[in-house]
Amino acid sequence: MSEPTPNAVKLLYFAWVREKIGRTEEICDLPQGIATIGELIAWLKTRGPGYEDAFQRPAVIRAAIDQVHVKPATAISGAREIAFFPPVTGG
Amino acid sequence: MSEPTPNAVKLLYFAWVREKIGRTEEICDLPQGIATIGELIAWLKTRGPGYEDAFQRPAVIRAAIDQVHVKPATAISGAREIAFFPPVTGG
Amino acid sequence: MAVRVQAQDFDVTAEISALTRGHLGIGAVVTFTGLVRGESQGETLTSMTLEHYPGMTEAELARVEAEALERWPLAASLIVHRIGTLNPGDNIVLVVTASPHRHAAIEAAAFLMDYLKSRAPFWKKETTASGAGTWVDARDGDAAALDRWKHPSKASE
Amino acid sequence: MAVRVQAQDFDVTAEISALTRGHLGIGAVVTFTGLVRGESQGETLTSMTLEHYPGMTEAELARVEAEALERWPLAASLIVHRIGTLNPGDNIVLVVTASPHRHAAIEAAAFLMDYLKSRAPFWKKETTASGAGTWVDARDGDAAALDRWKHPSKASE
(Lines give C-alpha, C1' and ligand atoms only; values in the text may rest on other atoms or scores of the structure.)
Protein backbone atom coordinates (compact mmCIF):
# COMPACT_ATOMS: atom_id res chain seq x y z
CA MET A 1 0.00 0.00 0.00
CA SER A 2 1.45 3.41 -0.94
CA GLU A 3 1.88 6.20 1.62
CA PRO A 4 -1.04 8.61 1.69
CA THR A 5 -0.45 11.86 -0.18
CA PRO A 6 -0.79 15.08 1.88
CA ASN A 7 -4.49 15.39 0.91
CA ALA A 8 -5.22 11.71 1.49
CA VAL A 9 -6.48 10.02 4.63
CA LYS A 10 -6.81 6.40 5.67
CA LEU A 11 -10.41 5.38 6.42
CA LEU A 12 -11.23 2.31 8.52
CA TYR A 13 -14.60 0.60 8.96
CA PHE A 14 -15.67 -1.84 11.66
CA ALA A 15 -18.52 -4.26 12.43
CA TRP A 16 -21.70 -3.65 10.38
CA VAL A 17 -20.29 -0.44 8.90
CA ARG A 18 -17.49 -2.57 7.44
CA GLU A 19 -19.92 -5.24 6.25
CA LYS A 20 -22.25 -2.79 4.52
CA ILE A 21 -19.41 -0.93 2.79
CA GLY A 22 -17.71 -4.20 1.94
CA ARG A 23 -14.22 -3.16 2.88
CA THR A 24 -12.00 -2.94 5.94
CA GLU A 25 -10.01 0.16 5.00
CA GLU A 26 -9.16 2.45 2.12
CA ILE A 27 -7.00 5.48 1.36
CA CYS A 28 -9.19 8.35 0.23
CA ASP A 29 -8.37 11.65 -1.45
CA LEU A 30 -10.91 13.94 0.15
CA PRO A 31 -12.47 16.71 -1.96
CA GLN A 32 -12.01 20.33 -0.83
CA GLY A 33 -14.53 21.71 1.66
CA ILE A 34 -14.86 18.75 3.99
CA ALA A 35 -13.96 20.11 7.39
CA THR A 36 -15.66 17.90 9.99
CA ILE A 37 -16.51 14.28 10.68
CA GLY A 38 -20.18 15.05 9.97
CA GLU A 39 -19.31 16.52 6.57
CA LEU A 40 -17.11 13.53 5.80
CA ILE A 41 -20.00 11.16 6.60
CA ALA A 42 -22.33 13.15 4.32
CA TRP A 43 -19.79 12.91 1.48
CA LEU A 44 -19.08 9.18 2.02
CA LYS A 45 -22.82 8.49 1.85
CA THR A 46 -22.81 9.65 -1.81
CA ARG A 47 -20.13 7.14 -2.82
CA GLY A 48 -22.42 4.19 -3.59
CA PRO A 49 -25.22 1.96 -2.28
CA GLY A 50 -23.00 0.27 0.35
CA TYR A 51 -21.92 3.61 1.77
CA GLU A 52 -25.45 4.95 1.63
CA ASP A 53 -26.69 1.94 3.58
CA ALA A 54 -23.87 2.14 6.13
CA PHE A 55 -24.31 5.85 6.83
CA GLN A 56 -28.09 6.20 6.43
CA ARG A 57 -28.52 6.92 10.18
CA PRO A 58 -25.58 9.15 11.16
CA ALA A 59 -26.86 9.21 14.77
CA VAL A 60 -25.73 5.60 15.27
CA ILE A 61 -22.32 6.10 13.69
CA ARG A 62 -19.31 6.64 15.95
CA ALA A 63 -15.96 7.97 14.75
CA ALA A 64 -12.34 8.10 15.87
CA ILE A 65 -9.51 10.28 14.56
CA ASP A 66 -6.07 8.77 15.01
CA GLN A 67 -7.52 6.26 17.47
CA VAL A 68 -9.29 8.77 19.73
CA HIS A 69 -13.09 9.03 19.97
CA VAL A 70 -14.46 12.22 18.35
CA LYS A 71 -17.82 13.94 17.79
CA PRO A 72 -19.52 14.72 14.43
CA ALA A 73 -18.48 18.39 14.79
CA THR A 74 -14.79 17.55 15.27
CA ALA A 75 -12.46 19.00 12.59
CA ILE A 76 -10.62 16.41 10.54
CA SER A 77 -7.71 18.56 9.45
CA GLY A 78 -4.41 16.83 10.14
CA ALA A 79 -6.02 13.42 10.57
CA ARG A 80 -3.97 10.47 9.36
CA GLU A 81 -6.52 7.76 10.19
CA ILE A 82 -10.30 8.11 10.56
CA ALA A 83 -12.44 5.18 11.67
CA PHE A 84 -16.22 4.71 11.50
CA PHE A 85 -18.09 2.11 13.52
CA PRO A 86 -21.31 1.37 15.42
CA PRO A 87 -21.57 2.09 19.18
CA VAL A 88 -19.12 -0.25 20.89
CA THR A 89 -20.36 -3.44 22.57
CA GLY A 90 -17.36 -4.98 24.28
CA GLY A 91 -16.98 -6.07 27.86
CA MET B 1 -18.87 -33.02 80.14
CA SER B 2 -22.31 -33.57 81.76
CA GLU B 3 -25.49 -32.22 80.20
CA PRO B 4 -26.53 -28.82 81.55
CA THR B 5 -29.26 -28.96 84.19
CA PRO B 6 -32.47 -26.95 83.43
CA ASN B 7 -31.09 -23.89 85.27
CA ALA B 8 -27.65 -24.17 83.69
CA VAL B 9 -26.36 -22.50 80.54
CA LYS B 10 -23.23 -23.00 78.49
CA LEU B 11 -21.06 -19.87 78.29
CA LEU B 12 -18.47 -19.41 75.55
CA TYR B 13 -15.69 -16.81 75.34
CA PHE B 14 -13.70 -15.72 72.30
CA ALA B 15 -10.60 -13.66 71.43
CA TRP B 16 -9.43 -11.34 74.23
CA VAL B 17 -12.52 -12.07 76.31
CA ARG B 18 -11.41 -15.71 76.33
CA GLU B 19 -7.81 -14.78 77.08
CA LYS B 20 -8.69 -12.50 80.00
CA ILE B 21 -11.08 -15.01 81.57
CA GLY B 22 -8.66 -17.83 80.91
CA ARG B 23 -11.17 -20.32 79.60
CA THR B 24 -12.92 -21.21 76.35
CA GLU B 25 -16.25 -22.32 77.79
CA GLU B 26 -18.00 -23.33 80.99
CA ILE B 27 -21.37 -24.54 82.18
CA CYS B 28 -22.84 -22.07 84.67
CA ASP B 29 -25.74 -22.33 87.12
CA LEU B 30 -27.11 -18.83 86.96
CA PRO B 31 -28.51 -17.27 90.14
CA GLN B 32 -32.15 -16.18 90.20
CA GLY B 33 -32.95 -12.69 88.94
CA ILE B 34 -30.68 -12.54 85.89
CA ALA B 35 -33.03 -11.78 83.03
CA THR B 36 -30.94 -10.11 80.31
CA ILE B 37 -27.53 -10.25 78.66
CA GLY B 38 -26.63 -6.98 80.38
CA GLU B 39 -27.51 -8.40 83.80
CA LEU B 40 -25.54 -11.56 83.03
CA ILE B 41 -22.47 -9.47 82.16
CA ALA B 42 -22.82 -7.51 85.44
CA TRP B 43 -22.95 -10.79 87.39
CA LEU B 44 -20.04 -12.41 85.48
CA LYS B 45 -17.92 -9.36 86.27
CA THR B 46 -18.16 -10.22 90.00
CA ARG B 47 -16.73 -13.72 89.54
CA GLY B 48 -13.03 -12.86 89.76
CA PRO B 49 -10.25 -10.64 88.45
CA GLY B 50 -10.19 -12.25 84.97
CA TYR B 51 -13.92 -11.71 84.53
CA GLU B 52 -13.68 -8.18 85.92
CA ASP B 53 -10.94 -7.39 83.42
CA ALA B 54 -12.80 -8.98 80.50
CA PHE B 55 -16.09 -7.20 81.17
CA GLN B 56 -14.81 -3.87 82.48
CA ARG B 57 -16.12 -2.01 79.41
CA PRO B 58 -19.47 -3.61 78.57
CA ALA B 59 -19.82 -1.28 75.57
CA VAL B 60 -17.15 -3.24 73.67
CA ILE B 61 -18.60 -6.65 74.53
CA ARG B 62 -20.79 -8.40 71.96
CA ALA B 63 -23.03 -11.36 72.74
CA ALA B 64 -24.83 -14.17 70.95
CA ILE B 65 -27.59 -16.44 72.22
CA ASP B 66 -27.71 -19.83 70.54
CA GLN B 67 -25.44 -18.51 67.79
CA VAL B 68 -27.48 -15.41 66.93
CA HIS B 69 -26.25 -11.85 67.67
CA VAL B 70 -28.21 -10.18 70.50
CA LYS B 71 -28.29 -6.85 72.35
CA PRO B 72 -27.57 -6.19 76.05
CA ALA B 73 -31.32 -5.86 76.69
CA THR B 74 -32.15 -9.24 75.15
CA ALA B 75 -33.76 -11.74 77.54
CA ILE B 76 -31.72 -14.88 78.18
CA SER B 77 -34.57 -17.17 79.23
CA GLY B 78 -34.47 -20.41 77.28
CA ALA B 79 -30.89 -19.89 76.11
CA ARG B 80 -28.79 -23.05 75.80
CA GLU B 81 -25.57 -21.34 74.74
CA ILE B 82 -24.46 -17.76 75.37
CA ALA B 83 -21.25 -16.39 73.86
CA PHE B 84 -19.29 -13.23 74.71
CA PHE B 85 -16.69 -11.70 72.42
CA PRO B 86 -15.19 -8.43 71.15
CA PRO B 87 -16.55 -6.75 68.01
CA VAL B 88 -15.82 -9.11 65.12
CA THR B 89 -12.84 -8.43 62.82
CA GLY B 90 -13.04 -11.03 60.05
CA GLY B 91 -13.03 -10.51 56.32
CA MET C 1 -25.01 -20.76 47.35
CA ALA C 2 -22.41 -22.06 49.75
CA VAL C 3 -20.30 -20.99 52.70
CA ARG C 4 -17.12 -22.67 53.90
CA VAL C 5 -14.77 -22.10 56.82
CA GLN C 6 -11.43 -23.80 56.31
CA ALA C 7 -7.74 -23.72 57.22
CA GLN C 8 -6.50 -24.49 53.70
CA ASP C 9 -6.08 -22.01 50.88
CA PHE C 10 -8.55 -21.57 48.02
CA ASP C 11 -8.08 -21.27 44.25
CA VAL C 12 -10.12 -18.48 42.69
CA THR C 13 -10.23 -19.98 39.18
CA ALA C 14 -11.33 -23.37 40.50
CA GLU C 15 -14.04 -21.79 42.65
CA ILE C 16 -15.38 -19.75 39.73
CA SER C 17 -15.43 -22.84 37.49
CA ALA C 18 -17.25 -24.95 40.06
CA LEU C 19 -19.81 -22.19 40.59
CA THR C 20 -20.54 -21.32 36.97
CA ARG C 21 -20.17 -24.65 35.13
CA GLY C 22 -23.38 -25.44 33.27
CA HIS C 23 -25.05 -22.15 34.25
CA LEU C 24 -25.21 -20.56 30.80
CA GLY C 25 -27.35 -17.69 32.08
CA ILE C 26 -24.36 -16.20 33.91
CA GLY C 27 -22.80 -13.19 32.20
CA ALA C 28 -20.84 -11.69 35.09
CA VAL C 29 -18.73 -13.11 37.91
CA VAL C 30 -17.21 -10.93 40.62
CA THR C 31 -14.67 -12.13 43.15
CA PHE C 32 -13.39 -10.36 46.20
CA THR C 33 -10.25 -11.71 47.83
CA GLY C 34 -8.99 -10.38 51.16
CA LEU C 35 -5.26 -10.78 51.82
CA VAL C 36 -3.01 -10.50 54.87
CA ARG C 37 -1.09 -7.25 54.56
CA GLY C 38 2.58 -7.02 55.45
CA GLU C 39 2.28 -4.32 58.03
CA SER C 40 -0.05 -3.05 60.68
CA GLN C 41 0.06 0.53 61.95
CA GLY C 42 3.60 0.96 60.77
CA GLU C 43 4.93 -2.29 62.24
CA THR C 44 6.01 -5.25 60.12
CA LEU C 45 3.55 -8.11 60.47
CA THR C 46 5.00 -11.61 60.79
CA SER C 47 1.73 -13.53 61.01
CA MET C 48 -1.99 -13.27 61.67
CA THR C 49 -4.15 -15.80 63.50
CA LEU C 50 -7.88 -16.06 62.88
CA GLU C 51 -10.12 -17.36 65.66
CA HIS C 52 -13.79 -18.10 65.02
CA TYR C 53 -16.96 -19.39 66.68
CA PRO C 54 -17.58 -22.81 65.09
CA GLY C 55 -21.21 -23.30 64.22
CA MET C 56 -22.21 -19.68 64.56
CA THR C 57 -19.72 -18.66 61.87
CA GLU C 58 -21.28 -20.92 59.26
CA ALA C 59 -24.80 -19.96 60.38
CA GLU C 60 -24.04 -16.23 60.22
CA LEU C 61 -22.34 -16.47 56.82
CA ALA C 62 -25.36 -18.38 55.51
CA ARG C 63 -27.68 -15.65 56.83
CA VAL C 64 -25.56 -12.96 55.18
CA GLU C 65 -25.61 -14.89 51.90
CA ALA C 66 -29.39 -15.44 52.12
CA GLU C 67 -29.87 -11.69 52.54
CA ALA C 68 -27.81 -10.98 49.41
CA LEU C 69 -29.88 -13.52 47.45
CA GLU C 70 -33.04 -11.75 48.53
CA ARG C 71 -31.75 -8.38 47.33
CA TRP C 72 -30.08 -9.30 44.03
CA PRO C 73 -30.91 -11.81 41.28
CA LEU C 74 -27.80 -13.94 41.76
CA ALA C 75 -27.33 -17.16 39.83
CA ALA C 76 -24.66 -18.36 42.27
CA SER C 77 -22.63 -17.19 45.24
CA LEU C 78 -19.89 -18.44 47.53
CA ILE C 79 -18.17 -17.32 50.72
CA VAL C 80 -14.93 -19.01 51.83
CA HIS C 81 -13.17 -17.80 55.00
CA ARG C 82 -9.90 -19.17 56.28
CA ILE C 83 -9.01 -19.77 59.95
CA GLY C 84 -5.75 -20.48 61.76
CA THR C 85 -2.39 -18.83 61.31
CA LEU C 86 -1.67 -17.00 58.05
CA ASN C 87 1.33 -15.11 56.68
CA PRO C 88 1.57 -11.75 54.88
CA GLY C 89 0.31 -12.15 51.31
CA ASP C 90 -1.87 -15.15 52.20
CA ASN C 91 -5.54 -15.25 51.25
CA ILE C 92 -8.01 -14.68 54.11
CA VAL C 93 -11.45 -14.53 52.54
CA LEU C 94 -13.11 -15.10 49.17
CA VAL C 95 -16.51 -13.88 48.05
CA VAL C 96 -17.83 -14.86 44.62
CA THR C 97 -21.07 -13.64 43.05
CA ALA C 98 -22.48 -14.56 39.65
CA SER C 99 -25.45 -13.06 37.84
CA PRO C 100 -26.80 -12.45 34.34
CA HIS C 101 -25.66 -8.79 34.41
CA ARG C 102 -22.73 -7.06 36.02
CA HIS C 103 -24.22 -4.53 38.41
CA ALA C 104 -26.02 -7.13 40.52
CA ALA C 105 -22.83 -9.18 40.86
CA ILE C 106 -20.73 -6.15 41.81
CA GLU C 107 -23.19 -4.74 44.34
CA ALA C 108 -23.86 -8.11 45.92
CA ALA C 109 -20.13 -8.77 46.36
CA ALA C 110 -19.69 -5.38 48.05
CA PHE C 111 -22.69 -6.08 50.28
CA LEU C 112 -21.43 -9.54 51.24
CA MET C 113 -18.05 -8.17 52.27
CA ASP C 114 -19.54 -5.30 54.30
CA TYR C 115 -21.98 -7.61 56.07
CA LEU C 116 -19.50 -10.42 56.60
CA LYS C 117 -17.02 -8.00 58.19
CA SER C 118 -19.61 -6.70 60.64
CA ARG C 119 -21.41 -9.92 61.52
CA ALA C 120 -19.38 -13.09 60.98
CA PRO C 121 -17.74 -14.13 64.29
CA PHE C 122 -14.06 -14.04 63.37
CA TRP C 123 -11.30 -12.32 65.33
CA LYS C 124 -7.85 -11.46 64.04
CA LYS C 125 -4.74 -11.47 66.19
CA GLU C 126 -1.65 -9.95 64.61
CA THR C 127 1.91 -10.85 65.51
CA THR C 128 4.51 -8.21 64.64
CA ALA C 129 8.27 -8.35 64.31
CA SER C 130 8.62 -7.24 67.93
CA GLY C 131 6.89 -10.48 68.95
CA ALA C 132 3.77 -8.90 70.40
CA GLY C 133 0.38 -10.42 69.64
CA THR C 134 -2.39 -7.84 69.31
CA TRP C 135 -6.09 -8.34 68.74
CA VAL C 136 -7.22 -6.19 65.81
CA ASP C 137 -9.72 -3.47 66.70
CA ALA C 138 -12.97 -3.21 64.74
CA ARG C 139 -12.82 -0.27 62.34
CA ASP C 140 -15.35 2.55 62.53
CA GLY C 141 -15.35 2.59 58.74
CA ASP C 142 -16.88 -0.87 58.68
CA ALA C 143 -19.96 0.31 60.56
CA ALA C 144 -20.29 3.25 58.17
CA ALA C 145 -19.92 0.88 55.20
CA LEU C 146 -22.82 -1.12 56.56
CA ASP C 147 -25.09 1.87 56.89
CA ARG C 148 -25.27 2.55 53.19
CA TRP C 149 -27.12 -0.75 52.61
CA LYS C 150 -29.95 0.45 54.84
CA HIS C 151 -30.99 3.04 52.23
CA PRO C 152 -31.99 1.00 49.18
CA SER C 153 -32.21 4.08 46.95
CA LYS C 154 -28.60 4.99 47.67
CA ALA C 155 -27.19 1.47 47.60
CA SER C 156 -28.60 0.80 44.16
CA GLU C 157 -26.92 3.81 42.57
CA MET D 1 -1.10 -1.52 35.40
CA ALA D 2 -1.50 -3.47 32.21
CA VAL D 3 -3.96 -4.05 29.40
CA ARG D 4 -3.99 -7.01 27.03
CA VAL D 5 -6.08 -7.96 24.00
CA GLN D 6 -5.77 -11.65 23.17
CA ALA D 7 -7.51 -14.62 21.55
CA GLN D 8 -6.53 -17.12 24.24
CA ASP D 9 -8.27 -17.66 27.55
CA PHE D 10 -7.04 -16.24 30.89
CA ASP D 11 -6.66 -17.81 34.32
CA VAL D 12 -7.99 -15.64 37.13
CA THR D 13 -5.82 -17.15 39.89
CA ALA D 14 -2.66 -16.81 37.81
CA GLU D 15 -3.47 -13.18 36.94
CA ILE D 16 -4.12 -12.31 40.61
CA SER D 17 -0.84 -13.98 41.66
CA ALA D 18 1.19 -12.18 39.00
CA LEU D 19 -0.37 -8.86 40.00
CA THR D 20 -0.07 -9.13 43.78
CA ARG D 21 3.16 -11.10 44.28
CA GLY D 22 5.57 -9.10 46.43
CA HIS D 23 3.08 -6.26 47.01
CA LEU D 24 2.49 -6.76 50.73
CA GLY D 25 0.49 -3.54 50.97
CA ILE D 26 -2.42 -5.13 49.11
CA GLY D 27 -5.34 -6.13 51.33
CA ALA D 28 -8.09 -6.46 48.72
CA VAL D 29 -8.29 -7.86 45.20
CA VAL D 30 -11.43 -7.63 43.10
CA THR D 31 -11.94 -9.43 39.81
CA PHE D 32 -14.71 -9.01 37.31
CA THR D 33 -15.12 -11.71 34.67
CA GLY D 34 -17.54 -11.31 31.77
CA LEU D 35 -18.81 -14.55 30.21
CA VAL D 36 -20.63 -15.46 26.99
CA ARG D 37 -24.22 -16.26 27.92
CA GLY D 38 -26.08 -19.18 26.36
CA GLU D 39 -28.95 -17.21 24.95
CA SER D 40 -29.73 -13.87 23.44
CA GLN D 41 -33.24 -12.42 23.44
CA GLY D 42 -34.80 -15.85 23.86
CA GLU D 43 -32.74 -17.55 21.16
CA THR D 44 -30.05 -20.14 21.88
CA LEU D 45 -26.62 -18.74 21.17
CA THR D 46 -24.13 -21.01 19.42
CA SER D 47 -21.18 -18.62 19.31
CA MET D 48 -20.08 -15.02 19.62
CA THR D 49 -17.39 -13.28 17.58
CA LEU D 50 -15.54 -10.24 18.89
CA GLU D 51 -14.11 -7.74 16.43
CA HIS D 52 -11.88 -4.90 17.59
CA TYR D 53 -9.85 -1.94 16.35
CA PRO D 54 -6.20 -2.98 16.79
CA GLY D 55 -4.13 -0.18 18.25
CA MET D 56 -7.04 1.97 19.36
CA THR D 57 -8.33 -0.83 21.60
CA GLU D 58 -5.11 -1.00 23.60
CA ALA D 59 -4.82 2.81 23.68
CA GLU D 60 -8.41 3.24 24.88
CA LEU D 61 -8.10 0.52 27.54
CA ALA D 62 -4.91 2.19 28.79
CA ARG D 63 -6.73 5.55 28.98
CA VAL D 64 -9.59 3.97 30.93
CA GLU D 65 -7.12 2.33 33.31
CA ALA D 66 -5.19 5.58 33.78
CA GLU D 67 -8.42 7.33 34.72
CA ALA D 68 -9.17 4.69 37.38
CA LEU D 69 -5.66 5.08 38.79
CA GLU D 70 -6.22 8.81 39.08
CA ARG D 71 -9.45 8.33 41.01
CA TRP D 72 -8.58 5.47 43.37
CA PRO D 73 -5.40 4.51 45.26
CA LEU D 74 -4.83 1.24 43.42
CA ALA D 75 -1.71 -0.83 44.03
CA ALA D 76 -2.25 -2.77 40.80
CA SER D 77 -4.75 -3.26 38.00
CA LEU D 78 -5.24 -5.33 34.89
CA ILE D 79 -7.62 -5.45 31.93
CA VAL D 80 -7.65 -8.50 29.64
CA HIS D 81 -10.13 -8.64 26.74
CA ARG D 82 -10.50 -11.57 24.38
CA ILE D 83 -11.14 -11.34 20.63
CA GLY D 84 -12.21 -13.86 18.01
CA THR D 85 -14.90 -16.53 18.21
CA LEU D 86 -16.09 -17.66 21.64
CA ASN D 87 -18.64 -20.18 22.85
CA PRO D 88 -21.32 -19.93 25.55
CA GLY D 89 -19.68 -20.10 28.98
CA ASP D 90 -16.34 -18.81 27.67
CA ASN D 91 -14.58 -15.89 29.32
CA ILE D 92 -14.76 -12.57 27.43
CA VAL D 93 -13.17 -9.98 29.69
CA LEU D 94 -11.26 -9.78 32.96
CA VAL D 95 -10.75 -6.74 35.15
CA VAL D 96 -8.58 -6.99 38.27
CA THR D 97 -8.05 -4.24 40.83
CA ALA D 98 -5.91 -4.39 43.96
CA SER D 99 -5.67 -1.88 46.78
CA PRO D 100 -4.90 -1.64 50.49
CA HIS D 101 -8.62 -1.49 51.37
CA ARG D 102 -11.69 -3.03 49.82
CA HIS D 103 -13.88 -0.11 48.79
CA ALA D 104 -11.33 1.37 46.40
CA ALA D 105 -10.84 -2.00 44.70
CA ILE D 106 -14.58 -2.62 44.35
CA GLU D 107 -15.43 0.85 43.05
CA ALA D 108 -12.50 0.91 40.63
CA ALA D 109 -13.50 -2.47 39.18
CA ALA D 110 -17.07 -1.25 38.65
CA PHE D 111 -15.76 1.95 37.03
CA LEU D 112 -13.38 0.06 34.73
CA MET D 113 -16.17 -2.19 33.48
CA ASP D 114 -18.59 0.70 32.90
CA TYR D 115 -15.96 2.74 31.04
CA LEU D 116 -14.56 -0.17 29.09
CA LYS D 117 -18.06 -1.09 27.88
CA SER D 118 -18.75 2.40 26.64
CA ARG D 119 -15.36 3.30 25.17
CA ALA D 120 -13.21 0.32 24.18
CA PRO D 121 -13.68 -0.37 20.43
CA PHE D 122 -15.01 -3.95 20.50
CA TRP D 123 -18.07 -5.21 18.64
CA LYS D 124 -19.92 -8.46 19.35
CA LYS D 125 -21.63 -10.52 16.67
CA GLU D 126 -23.85 -13.32 17.93
CA THR D 127 -24.64 -16.47 16.02
CA THR D 128 -27.83 -18.24 17.10
CA ALA D 129 -29.13 -21.77 16.52
CA SER D 130 -31.06 -20.52 13.49
CA GLY D 131 -27.74 -19.67 11.87
CA ALA D 132 -28.23 -15.92 11.77
CA GLY D 133 -25.35 -13.61 12.72
CA THR D 134 -26.47 -10.45 14.47
CA TRP D 135 -24.44 -7.49 15.66
CA VAL D 136 -25.25 -6.79 19.30
CA ASP D 137 -26.89 -3.40 19.94
CA ALA D 138 -25.40 -1.10 22.55
CA ARG D 139 -27.54 -1.08 25.68
CA ASP D 140 -29.09 2.14 27.00
CA GLY D 141 -28.27 0.89 30.49
CA ASP D 142 -24.57 1.15 29.73
CA ALA D 143 -24.82 4.88 29.09
CA ALA D 144 -26.78 5.31 32.32
CA ALA D 145 -24.14 3.28 34.19
CA LEU D 146 -21.53 5.68 32.93
CA ASP D 147 -23.38 8.77 34.09
CA ARG D 148 -23.07 7.93 37.75
CA TRP D 149 -19.28 8.33 37.62
CA LYS D 150 -19.73 11.95 36.59
CA HIS D 151 -21.09 12.82 40.04
CA PRO D 152 -18.23 12.06 42.42
CA SER D 153 -20.42 12.47 45.51
CA LYS D 154 -22.79 9.75 44.28
CA ALA D 155 -20.19 7.39 42.91
CA SER D 156 -18.31 7.30 46.18
CA GLU D 157 -21.32 6.19 48.20
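When the chains are written out, they are named A, B, C and D in that same order, and each has its own residue count from 1.
One rule holds for everything that comes next: a contact is a pair of C-beta atoms (placed from the backbone, for glycine too) under 8 Å apart; a residue touches a chain by one contact, two chains touch by 3 or more.
Because the structure is a prediction, the values reported are computed rather than measured.
Here the CA centre of chain B is 48 Å from the CA centre of chain D. Measuring from the averaged C-alpha position of chain A to that of chain D gives a distance of 27 Å. Centroids built from CA atoms put chain D at 22 Å from chain C. Multi-chain contact residues of chain C (touching two or more other chains): 34, 113. Among all residues of chain A, none touch two or more other chains. Taken as a contact graph, the chains are arranged in an open line, each linked only to its neighbours along the path. Contact annotation for chain pairs lists A-D, B-C, C-D, with touch applied as defined.
Of all the residues in chain D, the ones that touch chain A in their complex are 34, 50-53, 55-56, 59-60, 81, 92-93, 113, 116-125, 135-138. Taken in their complex, chain D has these residues touching chain C: 11-14, 16, 20-21, 24-39, 88-89, 100, 102-103, 105-106, 109-110, 113, 145, 148, 154-155, 157. Contact residues of chain A toward chain D in the complex are 12, 14-16, 64, 67-69, 83, 85-91.
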